[in-house]
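In the two complexes below, subunit A is the common chain; its partner is subunit B in one and subunit C in the other.
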Partner chain A sequence: MGGVLVRPIILTVLIYLFLKFIVPTLPHSAPLPSSLIFLYLMLTTAGIVIFATLSGASKDAFFGPIFRFLTGESGGALSSARYLVLALFPLLVGWQTYGSTAFSDAPPAENRTIHPAPPGEYTGLSNPVPKTPDNIMYGKGLYASRCSPCHGNFDGKGFAAPGFTPPPANFKDPTTIAMLQESFLFWRIKKGGVGLPVEGMPWKSAMPRWELELSDEDIWKVIMGEYDGAGQKPRTWDESE
Partner chain B sequence: MARVRRPGARWWVGAVGLVGLCLATGLQPAFSQQSVSVRATLVKGALPADDPTAAVWATAAVSEFPMSPQVHWPVRITEVTAKSVKVRGLHDGTTVAILVEYSDPSEDPDDAAALEFMVGDTKAHFAHGQPMAQVEGGPVNIWYWKNKDGKGVDMGAKGFGTLKPHAHQDVKAKGVYQGGAWKVVFSRPFHTEHVDEDTQFKPGEFASIAFAIWDGKKTDTGQPKEKGSEKAISSWWYFRADAPPDYSPYMYALLAVALALGFELVLVRRLKKGS
Partner chain C sequence: MIHQGRKVTNQGSQLAGRAALLAGCAALLGVAGIPDLVLAQDSVAAQAPTAYRDLPFIGSRNLVWIIAQLHLLLAGFVLGVPIFAWLCEIVGWKSGDKRYDKLAKEFTKLLTSSYATTALFGGILLFLLIGFYPKLMAYLTDIFFPSFLVYCALFLVETATLYLYWYGWDAMAEGNGKKFHIFLGLLLNVFAFFIMIVPNSWATFQASPVVLAEGTDFERAWAATWNPTWWPVNVHRLIANVVLGGYICGAYAGIRYLSARSQEERYHYDWMGYVGNFIGVFGLLPLPFAGYWLMREIYQYNQQMGITLMGGFLSWLFILQAMLIGVLFLGSNYYFWLGITHRIPGSETQYRKPIMAMLIILLLCLAVWMTPHSLVASLAEAQQMGGTHHPLLGVFGVMSAKMTVANLMVLVTFMSFIMYWRAGKQDTAGWAKVAKAVIGAVLALAGIAVIVLGVWGYFVPAIIRINYFSTSQVGIVIFVMLTITPLTALLLKSAKTTTEMVWGRMPPRAGYALVLNAVMVILLMTLMGYARSSSRVHWHVYGVMRDSSQYAFSPALGYAAALMALNTFLFCMLVAFIFWVATMGDKAKASAAGAKGKAEPGGIPAMAGGSQTLDEAASDASVGHRPV
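On to the complex of A and B.
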């Protein structure tokens, strides 16, 4: 009898379970914020309502049970449920109103862009230093003395890392240097945290401005050592096309 | 006319489930405590502005922040004594007191601690307000305490090498060394006359805060182990002084409940008339 409503509800629940538990397990994915899940569920509900009101008959079939439930015509065990819903709805509205007006202990949300666009002069630069074993080894040596205190064994877990927020990048993570071009790393190493644009929140980054201490050639060598040590390859124009 | 099927006893179970889903997703209350900020609570009695060991500090929420060696500036250090700081805050409505506690194996004259704040709404780099390439940064306000000086110093900086004490001194500080740990309390009125140099606190609003610690133990060279930019630091975290109690959200919630009830009554009445 309630099949008209049971199907949409099952569909909504399945979509929720998919977003909450399946999506985070997909490759390169992450848990979705509850606000985004809520938005998707609202879109799903809107779609169901649009589908159910395409014709007069389907509209009656969809809303009929709801109307009868709300007016108490259903009778039986549903009467208790009706009172429960009628009592819960105002309480939920009150709770939500309190939550949105009461002082929050949560600090301001920070939408920091982790890999912002570099200035134009750095875009597309190619590494001019030959990728020889000696150069890579030299770059690794510089990495060990200059970078590893924070970036550790290419995993972002150096002994100096814990006090910094945002944390030093983990180069073994496929979402860091593996998806970046060498020119991007050159810019980030040369100009450091203070070189970031506003969306990168430069005031929080501890990354040194290495142009004060390293030559451009040494920075290119560090980049080679970094990719080699992390077991990654830089993204190239060919691959991105 | 289309036949309308009567609802079964199963579907309302799904409806209740849907309400539960909404509760689990969009209607989460926005008042969960975060561990990235220092919270200064309002005290009714005297503020322990010059007593780091006062019993009332035990009533303040404690936050702990990891510390790192200063590596941003070329005169850097790779190993520091303070691995973390515990921070508490209290205020009396006009003055704020912040207690910093950290382990240090020895009491030394050059032991020192500092708090750092942004000034105004302009963002400032956590490393002494270093100039930023693409963002016009502001200065930082630094509250500094050194054991042998026995007082707080109100300072300002806009980049390394620009640190200097303010002409006005609004900060007080006192440190006590007990059981292998320092407890240092800094205090200052919420507001000062020097809005371009001093951070100004607004109860209920978040401000940025950072920490620095120096272990002043003498090395074989006769110099302190940590000095100048060779220190333990944190990057920016948050600080907030609690606002006075505000009961208006309860009133808004009651009003919302009354409106929702009214909506329900009108809806059900109209549906009954319609049927």
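On to the complex of A and C.
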């Protein structure tokens, strides 16, 4: 096998090892799902092929050993090794096909829409409660008694959080409530998990339907307390808000 | 002249023949469908006005989907090509380089061939819409009738102008005739622009309607036309049409290059492929910004629609979009790089490292762009991550990251072009070192500023990020382009050519890359067409007229993807057929000429956007081979 092929193979293996074993050990990280690792490895392969085929010489240097191996021109032990490939390749395809079609008790990969679109009646609503320190404190109080057992100190790490899959939302994460308008939170708090549309998988949310316990005004106050406590600001279309 | 006259007549009859053939097929389909239509009608239709009709097996929605998509793609091509055909003609006229004039004419030939088919599909679509959705069409007609009349008038003048522009090309080749011909080209583009924006008002009205309860017909039509998403869609489509036209012309050149039999043909189609790819890239650079503006307007217009698109069930389309745009960026850059390593002999070693650096940056950016916010994960994987958001890489899933990498990819692609432009030249100006240092500094600072703004975007309110940070990122990239392009042009004015650029020596994979780019851009348009249309969910006119047919549901993404692939395939087949018919005469002529003369072996040296002197020298040396 030509030396030109060794470097791309080593590079691909190194990237796989980095994604599989190094990334999870980084601070605030976790193991990557196989779908993402596959995506990144595909990009790596595409990059290798693009770079290897930039000129005629580099293309021949890259594909030459592969063609010579497959056609048996390389000679020696490699010549007989291609029979091994001939036998192993169909087995590999068969194993892959079996793996993807055979009966399994593992649940399918999840493709849940975390932030589905709210119903029309909730769009365009704005918080009718004045943003005063008293109202914010009142909202935080409600949050402490109703929400913090799961959502914790706005970081999704309440004492009950370990009991839920998926875990409660982390409001301090800039990719959660900071991306949403207050009316979205009003809908989610009021209607809870059961109010989610199908793509949001209502059966996967333990969020209570707070309209049964809280008035609309209290819900708006909770929202104000939530944004203030998490140090975030809601998405608006007016810079003065 | 007699020969030319005969050629024109032949082309006219070919055009009419094709239109008649396609119209015949459409009529046959219509006749075949009549019994089904009758059977599908509800028996109570006699008493109540019919709101919907259906077709068995394929379904009315699918048929309209296919025909509308084919019409839109053809229309995009037909409206995009005149822009750069006209610009090429102007370049040819101003520089006196007949190659540009020939290229402009070849672009226009493709346009003329496609024009009748576009109109034919438009007619079929109209009949289908009236037949399948009578209630909706009656409502839209009630609102837009004045603009229907305007559209008809525009179509008449556009057709007349196109015929004059195409058939008068040779008759108006010199002097004042040429000036008038260029004026016709301008008119063609002006009418084409209005032909695009009038129907855009109908489609955007369905998504973001403005309905006046009172007023004259004209006032109601005008209010409905000037709806919140009309101009964002107009701008986005205008740019996308240029991209589509450029890449399709590039693919046409790529296929002609692959099947070329003489060196003269290889030379011409290699050059045409380069121009097509350049036009595609030229349009591709501002396209993400236009798309961002459109999405911002949609989100601001209606939160539900915005979330459905960007965070709801349609958000996966944007991951697919990232993949397709990524392939397009990679494909376009790959073609530039192949141009450097194959058209400039001996340059491979010199440019290998910068190409590798640019490739790595592109791939890293693409990795970020393709990383979804909510990941596809098994239950065990989701438990390990603490949900479907990855705690570390989840930050790549939001707009701040996407905008940053999109800007960086645009910057890299721009630099790729600049590198291609400068390849094979040696700066001789005394201030060249300073200029190169300035270019390097501007580029480095711009890259850093784009990244800093992207990271900072996570820590400010969304409205600040959208209104200031994202627009600043775009502004920085535009500043880089506006600074480096004239600086490079000034540098090249006095540059010495060290290696001649040789056309017609690109490897076959360059031709395939051009075809791949065209397929990607067609897929992209089918994908985003579905996204735009589906964002209305169960409304014909959002919030005004509800879809109460049996198809008032959004198809599953897999099903939609299959239809998008089918539409792309059908469009490619249609375009291949049209171009095949359009170039039949050329091939016959080429065979006849080939029998008389013998093709020259080896490459023909020419310059790409470089030294005028060497260009002329090459022209003199190989005047017999240059396709003038």
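Everything that follows uses one rule, which is that the second predicted complex is superposed on the first by the 144 of 241 C-alpha atoms of A that agree within 3 Å, B and C clash if a C-alpha of one lies under 4 Å from a C-alpha of the other, contacts with A are read in each partner's own complex, and residues count from 1 in each chain.
Everything that follows uses one rule, which is that contacts are C-beta pairs under 8 Å (C-beta built on N, C-alpha and C of every residue); 3 or more make two chains touch, one makes a residue touch a chain.
All of these numbers come straight from a predicted model, not from anything done at the bench.
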*asked:* Contact-wise, after the overlay, does A:I114 reach subunit B, subunit C, both or neither (first, second, both, neither)?
replied: second
*Could you say whether A:T97 touches subunit B, subunit C, both of them, or neither, answering first, second, both or neither?*
first
*In the superposed arrangement, which partner chain does A:A57 touch: subunit B (first), subunit C (second), both, or neither?*
both
*Using the superposition on chain A described above, determine whether A:S34 touches subunit B (first), subunit C (second), both, or neither.*
both
*Which superposed partner A:R68 touches (first subunit B, second subunit C, both, neither)*: first
*asked:* Going by the contact rule set out at the top, does A:I9 touch subunit B (first), subunit C (second), both, or neither?
replied: first
_Let me test your reading of the model: by the given contact rule, A:T165 touches which partner, first (subunit B), second (subunit C), both or neither?_
both
*If you stack the two complexes on chain A, which partner ends up touching A:G124: first (subunit B), second (subunit C), both, or neither?*
second
*asked:* By residue count, which of the two partners contacts subunit A more extensively, subunit B or subunit C?
replied: B
*In the superposed arrangement, does A:T175 touch subunit B (first), subunit C (second), both or neither?*
second
*asked:* Need the overlap of the two footprints on subunit A, from subunit B and from subunit C, as residue ranges.
replied: 34-35, 56-57, 106-108, 119, 165
*Along subunit C, where are the residues that touch subunit A in the complex?*
300, 302-305, 307-308, 311-313, 315-316, 330, 334, 337-338, 341-342, 348, 352, 355-356, 359-360, 363, 366-367, 370-371, 373-379, 381-395, 397-398, 458-459, 461-464, 467, 507, 509, 543
*Which positions of subunit B touch subunit A when the two form their complex?*
2, 4-12, 14-19, 21-34, 36-37, 39, 65-69, 71-74, 76, 78, 83, 123-127, 130-135, 137, 204, 206, 232-238, 240, 243, 246, 248-250, 252-261, 264, 267-268, 271-272, 274-275
*Residue ranges of subunit A touching subunit B (in the complex, touch as defined)*: 1-6, 9-10, 12-13, 16, 34-35, 37-38, 41-42, 56-57, 60-61, 64-65, 67-71, 73-74, 76-78, 81, 84-86, 88-108, 119, 149-150, 159-165, 191-198, 201-208, 212-213
*asked:* Give the list of subunit A residues in touch with subunit C in this complex.
replied: 23, 26, 28-36, 39-40, 43-44, 46-47, 50-51, 53-59, 106-120, 123-124, 165-167, 173-175, 178-179, 181, 183-184, 199, 233-239
